[in-house]
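Chain naming follows the written order as A, B, C and D, and within any one chain the residues start at number 1.
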């Protein structure tokens, strides 16, 4: 069933963010090797996100050991930027009692789509992304994902056995310059 | 079933607002005599409002002839005022495709509770209010109201027969000074 | 909203039954004058009945004073008669914890549709029927009825005021021979 | 999350049945090696089965390639036997449009619990059972299982890699006499 929505074996690009909520340190995908990662890209005023995606993401966050499944929110604002700033997002996260780390996708000076959203070629919000233990993109889906499909996908990735050698290799293969913010303005050395 | 949640025969106080969306003219309760009025008091970042109250209010708005049942939203901001201003509310109404008139409860200079919310002694959001054809408060409930209870209550008020004399009398009984904004700062003459 | 599904002012025909569950006495509509009557016609192996209609009917039964709203089930078997007999129905009612009276629509010797179902021209199951305080048919709908619509309809009928004279008149207007079972085999005198 | 409900590495006992629906041949677990097996044990008049378990089982049946996930129903009647016989079950399966194979758990002459239900020590209905590619019991849960948990569990079992040698070994390890029906009447040699 999950063939159509799976992108196999492309390295998940590192996040490019302007800040974080619910964490003292910025989260990098590189730091999550060995875990399955669920990333929920949303906008706080997007009905499909608020009514379906966010509650589903909270369910995953509540049910799994964070050492096995890491849950990340990503606030990918591409419209109405003025009323979805960090202060509004903080109130949203407080009112909806969100506890998982939420990155703020870095705004793009030249266009409305923020950096990570563009790098991932997201079609809009909500977008559900799953990354496997070695940092590869395995699910990338715009719109609603059923609890059942999400469960099957997470179960599949959890069951994959990864050797210490593979993990060590996956930790190294993210070039330093990409992690520090390679974007359409060019890559910093 | 609806005994507990019904407040009988108190005149519904006039709305005290700082602006309106989805209408060219401010809406007054006095102008709605002869109709059953559903007023949904909400905050745009209140989860119970967004996930239950707002969709239910839209359903009522979609299913009834507006000549029989008038639907009004009331944005009663009592916390996080900075991120729930008019500009944010407009985006919210646009994204959620709300078409019914939405009043902005008039902020209170001396405390966080806005004027209409205080006048109605609301306990929080969401609050569901039903007003009968002669302008009396008939349902006033904080929190979730089931579709079934709301339906029974609206059906009951719709079925009540009101004579032309009663309607005419109800139009007159709202003192002018109250309509123009009697509040805790005192009443203007 | 409820114009389309309302049949106005036709006298609800008396029930023609072969037995009852959850009551020591057969229930007649004539005995329920002064109350709003919800009658849910179902088959115990009909998915739409079991998954939607029966839970909704139980909700109405649980929420209303039985002196104001009388709830009746009617088992209108028109297919697979062999496995939906009284013994099976009793198990069904026990397992689903149904407490309201359930009439067994009288089987018809000459065809598959039972008597009451034919008299009411029902299109299938589930069928939801509302009868007002004076015994008139006011809602007659095949398939799913939303909680909201059912609530509005019950509220409307509850609010109708009926004088003692009207009630007394309604008690008399059901001819005796019809009550005792006028069917396609002919009417007993 | 699925630690509590997982029984690890016990061989799933073979089914002991009195008949099958939706298949020309009886289904044996031995014939399903190499596939993940979902077995839903139910009774046709059990509310939790009809309102939750059966629709969930149909969803799994509809979404997966039957070469990867085999779905089986098992009608484990332990009460009201008279009205849940094969003829009634056939009507139930027809009305609910069930297409997956359904075994009829073999009635036990000496007590109400049928054979397979007893062998599996089921606590009641619905019971959800998952068997891995090598025929081991991996989930055994009485009552409601969330779509999410069921998905995670199926995904986990699907992802497990099994060598041809392991599969071949698993095919052989079911003693012939057990397959032919070892029960409380004694074991045939």
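Operating definition for what follows: a residue touches a chain if its C-beta (ideal position, glycine included) is under 8 Å from a C-beta of that chain, and two chains touch if they have at least 3 such contacts.
Source: prediction; values computed, not measured.
Touch-path distance (fewest steps) from subunit B to subunit D is 2.
Farthest from subunit B, judged by the mean position of CA atoms in each chain, is D.
Subunit A and subunit D touch with mostly matching residues; of the residue numbers seen at this interface, over half occur in both copies. Subunit A and subunit B have centres, each the mean of its CA atoms, that are 40 Å apart.
Inter-chain centre distance (subunit A to subunit D, centres taken as mean C-alpha positions): 37 Å. Chain geometry summary: the mean Cα position of subunit A and that of subunit C are 54 Å apart.
Residue positions of subunit B in touch with at least two other chains are not found. The touch graph of these protein chains is a ring, one cycle where each chain has exactly two neighbours.
Note for the complex: subunit B touches subunit C at residues 1, 59-60, 63-65, 146-160.
Looking at the complex, you find that subunit D touches subunit C at residues 45-47, 50-51, 80, 82-85, 87-88, 91-92, 95-96.
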